[in-house]
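Structure provided below as structure tokens; questions to follow.
Letters A, B, C, D, E and F mark the chains in the order given here, with residues in each chain numbered from 1 onward.
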Amino acid sequence: MVSGLIVTIVGMSVVFLFLTLLVVTTTYMSKIVLKFFPEQEKPAAPAVRKSSADAEIAVAIAAVKAHTKS
Amino acid sequence: MTFGQTISASFRELWLTTGIFGFLQEGGWGNVVMIVVGFGLLYLAINKEFEPLLLVPIGMGAILSNIPFAEIAAHSSLHGEFVQGALHLHEVSGGFIGMFYDFGVTSGLFPLLIFMGVGAMTDFGPLLANPKTLLLGASAQFGIFIALLGAVALGEYVPGITFNLYDAASIGIIGGADGPTAIFVASRLSKDLLGAIAVAAYSYMALVPIIQPPIMRALTTKEERQIKMEQLRHVTKTEKIIFPLSVLGACILLLPSATPLLGALMFGNLAKECGVTDRLSDTMQNALINIVTIMLGLAVGSKMQAEQFLNLNTLGILALGLVAFCIGTATGVLLAKLMNKMSKKHPINPLIGSAGVSAVPMAARVANKVGLEENPNNYLLMHAMGPNVAGVIGSAVAAGVLLALVPVLG
Amino acid sequence: MTFGQTISASFRELWLTTGIFGFLQEGGWGNVVMIVVGFGLLYLAINKEFEPLLLVPIGMGAILSNIPFAEIAAHSSLHGEFVQGALHLHEVSGGFIGMFYDFGVTSGLFPLLIFMGVGAMTDFGPLLANPKTLLLGASAQFGIFIALLGAVALGEYVPGITFNLYDAASIGIIGGADGPTAIFVASRLSKDLLGAIAVAAYSYMALVPIIQPPIMRALTTKEERQIKMEQLRHVTKTEKIIFPLSVLGACILLLPSATPLLGALMFGNLAKECGVTDRLSDTMQNALINIVTIMLGLAVGSKMQAEQFLNLNTLGILALGLVAFCIGTATGVLLAKLMNKMSKKHPINPLIGSAGVSAVPMAARVANKVGLEENPNNYLLMHAMGPNVAGVIGSAVAAGVLLALVPVLG
Amino acid sequence: MVSGLIVTIVGMSVVFLFLTLLVVTTTYMSKIVLKFFPEQEKPAAPAVRKSSADAEIAVAIAAVKAHTKS
Amino acid sequence: MTFGQTISASFRELWLTTGIFGFLQEGGWGNVVMIVVGFGLLYLAINKEFEPLLLVPIGMGAILSNIPFAEIAAHSSLHGEFVQGALHLHEVSGGFIGMFYDFGVTSGLFPLLIFMGVGAMTDFGPLLANPKTLLLGASAQFGIFIALLGAVALGEYVPGITFNLYDAASIGIIGGADGPTAIFVASRLSKDLLGAIAVAAYSYMALVPIIQPPIMRALTTKEERQIKMEQLRHVTKTEKIIFPLSVLGACILLLPSATPLLGALMFGNLAKECGVTDRLSDTMQNALINIVTIMLGLAVGSKMQAEQFLNLNTLGILALGLVAFCIGTATGVLLAKLMNKMSKKHPINPLIGSAGVSAVPMAARVANKVGLEENPNNYLLMHAMGPNVAGVIGSAVAAGVLLALVPVLG
Amino acid sequence: MVSGLIVTIVGMSVVFLFLTLLVVTTTYMSKIVLKFFPEQEKPAAPAVRKSSADAEIAVAIAAVKAHTKS
């Protein structure tokens, strides 16, 4: 019973400490990011292109196919 | 023996392998009960749509594993020659569900792969827009520890219930409302209870729309439920990339025992958010998580074997799991009320506190629905997603503490 | 040695690792033959489109496993330290196809996962609309047992052929016209014949359009082939959900030895029909079954190693497999004729009886095609799907009986 | 040879008994279902919505995205 | 102890499990460094888009594996009872990344599955249209052997560097510019260096656009870079089907030690080209390769553990890997120049020689880009794809020689 | 050092020999294929139909569904 109580007290303390720490770090992280790395006006471009390697493979293959089929 | 006699002897041999004969042997009634329970889970999953993605495989696992003589959940055996420093394999035997259990569950692998997929499906945006809601995800973990205390008490004072601290911790984690976390912790601390714990965790997650609303209404006033929250700010891609890394960093520094769970979750989330590994993120969210869900569900169901399941302990687990859910919901709401009282500038609707138990995204939807009942224009869904995903982090942290502390104290 | 001598010594060493050198060693000609057979399977799969999804991996497995010195089909070894109650792994070695075989085939895992996917692809609707066709799926299993008798006879009376009852049962199951069932049974009862049995099963399944029509025509009159069947009734979703569960229930009560196969099949089917686990059903039908098909095909091909394959037994298996297919087709058609004579109210076109051998959906298409030849407006496809999927159940039941009975009698 | 015959006789008997049993149970099952659980007139709705959990996740994520991008 | 004392004792126990405490222990600084390196790899992968599909999992693997006390990369252990000829499993333990490493990397399985997927994504058409470019894929392998010589020299003459012939071969293969080949060879010959070798291989592959152009410009004249090549002829489906089989055939006859790699590659390619196994080819290219990429990346990252990584050897590997890349690029270009001088009829632009190092398809794109700088109408991409895929074959052949010869000579 | 040199010499020789052999065989293979198995004018059809087994399953299922839903 005693060890159960200990786990409870220590456990909830750690949970709250840890998540409070995350609140603080996340808040500061966001501030820093928004200040120093504000999002560009047009973030559409990176959303369109998928993983670069894929894209390149696709390009290469498409080019090759287009050619060999002509 | 005449030919006719041999034939009828063969039919008799065949009769000895039937399920009917098996059920009539000692302990066979337990298999019947568990098969019926398995069909019951299928009914709930399919007709009531209670977490069908998990309960269909779990129910089927329970049925298949309780078939007499079929040995579908038999442990694996590696057959071969033992030589100096090596085992040269000839053959692997065992039931197919038993193999999933041995290689995927006892090792902790499957819940972690599920968490990877969950990470790849999670959007931490609402949490980043309102980081305070992380605290709601902390508060809702009270359910875990209250249930743990209850389990210790039951184990000490109720004859026929045998919970020790390891078991109590595994039972408590049901209150985390997070299936993979519960399975991961139980597979580490208390394997024998795994089936009952997993079933309780997923059942109550499925019952969130029934369990939570009365508690939410009882603890809040009409005015509180009508509170309108400020629109969430836009969150940049950079923040979304840095967030999983910073959570992982904090976890590395302070709580390594939670890093398998949070590491897998944040790896999946990073793969999704970073924008250059869409192939991997797509696979984590689809083929990989689905394959593992099938195998994990069957393996968890296979732990619903009569001898291990049909006893007072299981009843205790089901009762404590419900207690844990209710308390988690209540403490989530109560902290939200408190936060609302302390900071007048940014009003918080206390209903979103209930979403802190996790059960993503069901709990957030419930908060939204209860809110709409009072004010048909007050959409809380996005606001509730913050505490909802915070609850996942919160229960992983709680799991980390339990994994670190229980072996020392137990 | 001078430097030049060392160089040429190295070239000599390299020569000792070439395939040409390997083929010239004792028994090397057998590897050459099997590699040629492997290329032959690829030719049939690609040019003739004979079951390419299986024969391409099987052919490639046969080629890769017969390369001298490459050890691609070598059994796995687990290297590490043995301590009290545990093996601490350092390393796993073995050929990659050998690993697939050890972990996926000897354990019975891969055929069951395939069956899960087959279940998720199967529509039992036509069977439910006309349950009598289940009997056609029973009748077509005569092929299994006649071939079994033939194998026992060959084993007793033909020198150089060594079939015992275990082998005979595994050979007979080729007549089930169902690849995974054949592999599952052979991996349980007669591992050494696995390669030849799997190859025979898939080859004859691919040859269904050539093997069946003459038999079907010989056993039916023109009038019978022109019989038009009533349109199938609409089957409700509820029936489709209950059917897999009721088959599983019957199998649990009466034939637990068939529950791994039928349980996997019906789990997959339930996941498809229940409507709330589409994610899982999609994965079973695609990523999971494809991955397993690749690995299973390679592993089956790896059993086509010269020493085990190039003997009279293989010839016997190929001959008996063909016999089993022909007899199964014939008995399916004959029972359909009988049923047609007995019930005048609901006419049955005897051609659909041939679909009872399984070989889904090829056999049903063949029935349809032969029917169209006589009456260009008589589409039998849907009617033939009933016996076709019944044949899958029928051969799983036959497999269950064999798995239960042969170890007692053999 | 004898055991082969036994397997054949017992095996085919069981196959026919089992599938005959299935004919019976399936026929009755269908009758009961059609009588007590006839299909509703408009079963289109359930066909459209996929696995509910998925749908909810999709809804939630879509809502969140719609918002955070605005 | 009072209750308060017990509580603070528990906090002290928890402190002993924190990462901070772990980092302060002996050798803990090494873990810090490697975690920072891991974050650095994530930065390069995400911000600079250096091979993100591999470097994100590798970076995450490096981070997770260096967390104190978390044991995420711990080797697997199989727990159970040893009886005559069998190990009856009860439980599998170990870190989840450790399991990927044990079962997928030490066995050579993962790189082969990746190669299967690469094969299913590769179009050998440009190579078939101009088979001479195979020679460019041969020439670019000089980098492998020069680096091997360098590694042997470093191992002999530089104190603190301990490379033997096995290590040297594994290091040289970095020059093959082919991740799975490098991992396969290193896992066979020199497991301890696996992490550094894989990281070097993928890093330099990512740096191809930076490393290659200066070398290409230095070795060619402006006129050479402007050479326009003839349009590639159309390649028939039959040729594309026969090509993988004929490469496999040659490899079987002459170099069985390369057949695991080339067999997997050509199996994947055949599945793609044969046109009747699209299901399998789709899965190889997507679900299967992605799942394996995730697991392989994490497992490779887990070999970046402080003790094994932070030493002079790693520096040597990084330096030699760069040398290998540069030399491979140079010899590829030089042979292309030579071929251009010898055959006036079919002009060859020497820039495409650089693509012979493999690094598909990046190196081909680089050749294309450098060509466009001189002549904006000269598209070399398709011409460079020939040597590019030839480079994959070339390094697999070089790997085969090393695997056959080094154990004899080392 | 000596063994390193040996590996290098033997290795590069084999790489060149092997790939030269491939040049020869590939060239002849292509010549034979183009002479004896020239591509038909309309290779579009095989590109459309996917793996035949799939197609048949799809046909069968579609037919069945079309029917049972009517």
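The criterion applied here is as follows: a residue touches a chain if its C-beta (ideal position, glycine included) is under 8 Å from a C-beta of that chain, and two chains touch if they have at least 3 such contacts.
Please read all numbers here as calculations on a predicted model, not as lab measurements.
Q: Tell me which chains count as touching both chain B and chain F.
A: C, E
Q: Using the touch definition from the top, list the chains contacting both chain B and chain C.
A: Both-contact set = D, E.
Q: Specify the chain most distant from chain D by Cα centroid.
A: Result for the farthest chain: E.
Q: Between chain B and chain E, two touching copies, which fits better, same or different residues at the interface, with half of the numbers shared as the threshold?
A: Both copies touch with mostly different residues.
Q: Please report how many Å separate the Cα centroid of chain C from that of chain F, as a whole number.
A: 26
Q: Based only on mean CA positions, could you tell me how far chain D sits from chain E in angstrom?
A: 46
Q: Touching two or more other chains, which residues of chain E qualify?
A: Residues 10, 14, 49, 52-53, 76, 78, 80, 82, 87, 94, 235, 254-255, 275-277, 279, 286-287, 401, 405, 409.
Q: Scan chain D for residues touching two or more other chains and write them down.
A: 5-7, 10, 14, 51-52, in rising order.
Q: Between which chains does touch occur?
A: Those chain pairs which touch are A-B, A-E, B-C, B-D, B-E, C-D, C-E, C-F, E-F.
Q: Show me the residue ranges of chain F that touch chain E in the complex, using the header's touch definition.
A: For chain F paired with chain E, touching residues are 1, 3-8, 10-12, 14-16, 18-23, 25-27, 29-30, 33-34, 37-39, 43, 46-47, 50-52, 54.
Q: Touching chain B in the complex: which residues of chain C?
A: 75-82, 87, 94, 102-103, 106-109, 112-113, 116, 191, 241, 245, 248, 252-257, 259-260, 263-264, 267, 270-271, 274-277, 279-280, 282-284, 286-288, 401, 404-405, 408-409
Q: Hey, which residues of chain C end up touching chain E in the complex?
A: 10, 13-14, 17-20, 22, 35, 39, 42, 45-46, 49, 52-53, 56-57, 60, 63-64, 67-70, 72, 76, 78, 80, 82, 85-96, 99, 286-287, 290-291, 293-294, 298
Q: Sort out for me which residues of chain F touch chain C in the complex.
A: Of all residues in chain F, those touching chain C are 2, 5-7, 9-10, 14, 51-53, 56-57, 59-61, 63-65, 67-70.
Q: Quick one: in the complex, what on chain B touches chain D?
A: It comes out as residues 3, 6-7, 10-11, 14, 49, 51-53, 121, 123, 125-126, 129, 231-232, 234-235, 360-362, 364-365, 379, 381-382, 385.
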